[in-house]
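Chains here go by letter, A, B, C and D, matching the order in which they are written, and residues are numbered from 1 within each.
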Amino acid sequence: MGFLTQYVIPHFNFWIYVILLMIGLYAMITKNNLIKKLIGMSIFQTAIILFYVSLGAKEGGRIPILTGEVLYAEKKAQAVAYGGEAAKGDAADLPPPMEKESDSADLDDGDLTDELLSYGKNFGDDSDDDDDEGIIDPDAYANPLPHVLMLTAIVVGVATLGVGLAIVQMIYREYGTIEEDEILAKVKKGEGKYG
Amino acid sequence: MKIFGLLAVFVTGALLISAVVDFPDFGDPESPANAGEVATHFVEKTYEETHVPNMVTAVLADYRGYDTMFETVVIFTGGVAIIAILQGLGLRRKKGMVPTPPRAEGDHHDIIIGTTCRILIPVIQLFALYVVAHGHYSPGGGFQGGVILGASFILWAIARDLDAGLARMPERRFLVLGVVGILIYGVFGWVAQFLGANFLDYSVLHEVMPATDPIMARYHSMLGVEVGVAFTVTAIMFAIYAHLSTRGELEGGL
Amino acid sequence: MIWQFDLILLVFLVVTAVIALRVRDLLSASMIFGIYSFLICLLWAEMGAVDVAFTEAAVGAGVSAVFLIATVFNTSRRSSD
Amino acid sequence: MVEQLPAIVVLTPMVAALLVTLLGLRRRAWCFPVVIVGLGATLAAATGLLVRVYRDGPVDYFMGGWEVPLGIGIQLRVDGLNALVLMTVAVVALIVGVYSFRREEDVKVPAKTVPFYTLFLLLVTGLCGITITADAFNLFVLLEVTSLTGYGLVAMGSSKRGKVAAFNYVIMGTIGASFILLGTGYLYIQTGTLNMEGIREVIEAQDLFGSTTIVVAFILMMVGVFIKMAFFPLYGWLPNAYSYCPSTTSCILAPLMTKVSIYIMIRFMLGIFGAEYVFQAHATAIVVWLAVLAVLAGSLLALAQVEIKKMLCYLIVAEVGYMVGGAWLANHWGMVGALYHIVSDAIMTLCLFLGASILWSRLKARRIDDLSGAFRKMPWTMSAFVLGGLAMIGVPPTSGFFSKWYLIRGGMEAGRWEYVVVLLVSSLVNAILFFRIIEIAYFGKEPAESHGGAHGEGDVEERVAAPRVRLVALWAAAILVVLVGVFNGELVSFIEKGLEGIPIIGNVGGGN
């Protein structure tokens, strides 16, 4: 029980990921049917995705999309910080970009544009313009980075699956079977003949 | 073989488990991965730097845009590889290789299925375009939208037959659309390079785009990039289906 | 994130994974693999990864399953293990 | 322009691939010029980078301009080591590109031309990208680009067995890549960043060396690259995949895939984990012993082969053993030897595979016995092939001699006598193999053998002209084999300069 509470319960997602990964790997290595192998491969890959998503999950973390009041507050802060006078009036329905352009056209936007430009150039080091600090609580949102990585991994997975299936079809066309042992037997029989 | 496989699996499992014990707790907001500089930066600064409320979209299309471009290339590569393996792209129907398996008995063009699909597919496609375009505010983006759009073509090809699908998207267009998608993506990078910034640095694009400032330029560029991804994914998904369902002969189908 | 829900989904996942690999009819295996993908999509939505869930719903439960079925249709439906 | 070079070198082959698709679908004849121009531009960019790195030191490039804090964007980093590998990739790709002019497969099945060239250029894109990226996840993405192109290229041939080999390649390749991805995740969960330099900084700053997660991450990544490079116990997929694929494909895959994987391994070792962490007594002992077994297994299995290409494939397995062993000797000369051998082996393998492909396409010589009288029939091809063979054995003016020399020097300094002995044994085996080939090709087999007869050659002993373009490619490779050997001093000093900034390879500069 001590083992369970100490090692399993706090990490149960990770335990399941390992189990799924083992199932997938086992199928990839030992299954005889080629399509089964590919299904195993997909399970193997989803297990890895499960691992990544689990590591980015947060207790009480929301989906990583700003909505509602936080978005409103953020918008307001941005408008005040960068829109200057232009957007101060009604930050609630923040001007879409086009309107904003026409808005600021009335103003003498010469140095405003300059400011924006210089802002764009060096926004890496904005450590000291923290006037919006605290609007977004980083702990309230799930970590977006693993999600991004896993989108890519899913794409890679489906591409690999497709290529694998195409090869399976070609093997079936050449050998008339998708059982590995039968294919190997036929290969052995055809040994010596090339091609 | 079985024993060896089992051994390999258990060794791997034991290895992975041994580290799991060392991990931070599941869902711990203070774990290095979640509280690290990079992750906090993404959560806190994304809106400020890109005006995109969906952090995943922003990170995907901007911060890690280079990855996403190659993700698109991966899809394209997969499509080309599948076409190559199944020996497609003769751009003419190949006959006499292996006869296509006999079709199931009965009327294939079922009227109920056909009508339902006719009604459903425009809705699906509209939804797909919405997903592509609205990725900044809600889950979705070029990839998801592209898959759904591709799936609508696949659905049409399944409901009628492959020729009906190919009439909408001919064989020649598979790869052309795939290439166009990646090129759309690349153009945003190359223009940035041309303007003296690094590849995919959208902020300088406000000089050539109807965007007021560097941040809005990022915002709009991401949309453009997503459209590029959607192009490639749509075309390649349908291409993969068309080739896989007919063994590369593009005749018959499911 | 609700851990009970999480746990139930995880258990289902393992079960469907095992069934998908054990069933001898490849068409059933493909369908069960689609179910597996759908469950994992739910799991991700539940963990806050909506974008991943969306992708998995479109790719895993949708397109992948179609690809698998297309291949099963063009090859053989029986599996020896 | 100069600042953009790291991006250009990756994007040029990609753009070329896209253009090949667009233009090739219109007219197939446009494929080849686009390929040559694209690869030529890649080579030019790689050369520019090499010169720049030589002059000013490592070059950093931040995609999208996301520089601070480190790791939010994707960084490319070109230093002395990967500039050299990049150059090798570009040169080999260009030579194979030239060689691919009017491939037999294209003549037979014209539909394959466009996919072939697209995949070929995407493969080069992936390899260039892998080499210079400094982001662990980006490396995985590009690795998948190369893997997928590799699967496609192997499986698109007309060989029946090629498909089965390709399927195994898919399975093994996916396991390998997934292990690398898992290792990246394990690093990420403890360090919170994906940038290689960033990971290293965090590991050092928080002293995570004792952490089980980091150890497991290291093991996973190593096993992953070992699968990708076909290191000793995991080499099963390689010989079939590389020998049953179309000849142009084997010419591009064999020299580059394994070598770039070895570079990735070295990058992981030095760039992420650091030498003092990696080179612990028991780990080095295990890996060097595995390398010894790899060399032995590769050499002995090569000796047992009757087919030329298969034999060359097993030699690759042995060569991988050389390089992994050299890198894990944990001293200066071992590492220098391994890096130098990456370059030298890529060129040697290229020369041999090009030669074997021409011999196969013209003389239908798939087996070693079929080469009988090849010297008289195809003197130029055969002499370039033999030059490659001599390099493999390690005869002085060629590159093979010098790389072996540095590796043996490293082995002796590290006191790894088993490694030294096995290198010499393998040279001996190579000598036996290639002198057997020379003997058969020069003196011919007994006239009673009727291998050539079926093709209307054999007795007539007339000369068979190799296509001129291919001969140019082959001789370019053969001359490079000699050049890399002759200019070994310059290359090694370049490698040493590249290694300078990297903390410790055993005893840098000492003990020589």
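FYI, a residue touches a chain if its C-beta (ideal position, glycine included) is under 8 Å from a C-beta of that chain, and two chains touch if they have at least 3 such contacts.
Keep in mind that this is a model prediction, so the values were computed, not measured.
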Report which interface contains more C-beta contacts, comparing A-D against A-C.
A-C
Quick one: report the Å distance separating subunit B from subunit D, using the average Cα coordinate of each chain.
31
Report the inter-chain centroid distance for subunit A and subunit C in whole angstrom, where each centroid is the mean of the CA atoms.
19
How many angstrom lie between the centres of subunit C and subunit D, each centre taken as the mean Cα position?
38
Going by the touch rule set out above, which residues of subunit A reach two or more other chains?
12-13, 19, 25, 54-61, 63-65, 141, 145-149, 151-152, 155-156, 158-160, 162-163, 165-170
Provide the list of subunit B residues touching at least two other chains, using ranges where the numbers run on.
16, 21, 23, 27, 31, 33-35, 38-39, 42, 54, 56, 60, 64, 67, 71, 74, 77-78, 81-82, 85, 139, 143, 203, 240, 244, 247
Subunit D: positions in contact with at least two other chains:
66, 69, 137, 141, 144, 148, 151-152, 155, 166, 182, 188-189, 194
Which of the chains touch, listed as pairs?
A-B, A-C, A-D, B-C, B-D
Touch list for subunit B against partner subunit C, complex
27, 54, 56-57, 60, 101, 131, 139-141, 143-144, 147-148, 150-151, 154, 158, 237, 240-241, 244-247, 254
Can you list the subunit A residues touching subunit C in their complex?
12-13, 16, 19-20, 23-24, 27, 31-33, 35-36, 38-40, 42-43, 46, 49-50, 53-54, 56-65, 141-142, 146-148, 150-151, 154-155, 157-158, 161-162, 165, 168-169, 172, 177-179, 181
Within their complex, state which residues of subunit D touch subunit A.
66-69, 137, 141, 144, 147-148, 151-152, 155, 158-161, 163-164, 166-167, 170-171, 174-175, 178, 181-182, 185, 188-189, 194, 366
In their complex, what parts of subunit B are in touch with subunit A?
1-2, 4-6, 8-10, 12-13, 16-17, 20-21, 23, 25-29, 31, 33-35, 38-40, 42-49, 51, 53-56, 59-60, 64, 67-68, 71, 74-75, 77-79, 81-82, 85-86, 97-98, 137-139, 143, 203-204, 206, 210-217, 219-220, 240, 243-244, 247-248
Can you name the residues of subunit D that touch subunit B in the complex?
3-4, 7, 11, 14-15, 18, 21-22, 25, 61-66, 69, 71-74, 109, 111-112, 114-116, 118-119, 122, 125, 129, 135, 137-138, 141-142, 144-145, 148-149, 151-153, 155-156, 166, 182, 186, 188-194, 198, 202, 211-213, 215-217, 219-220
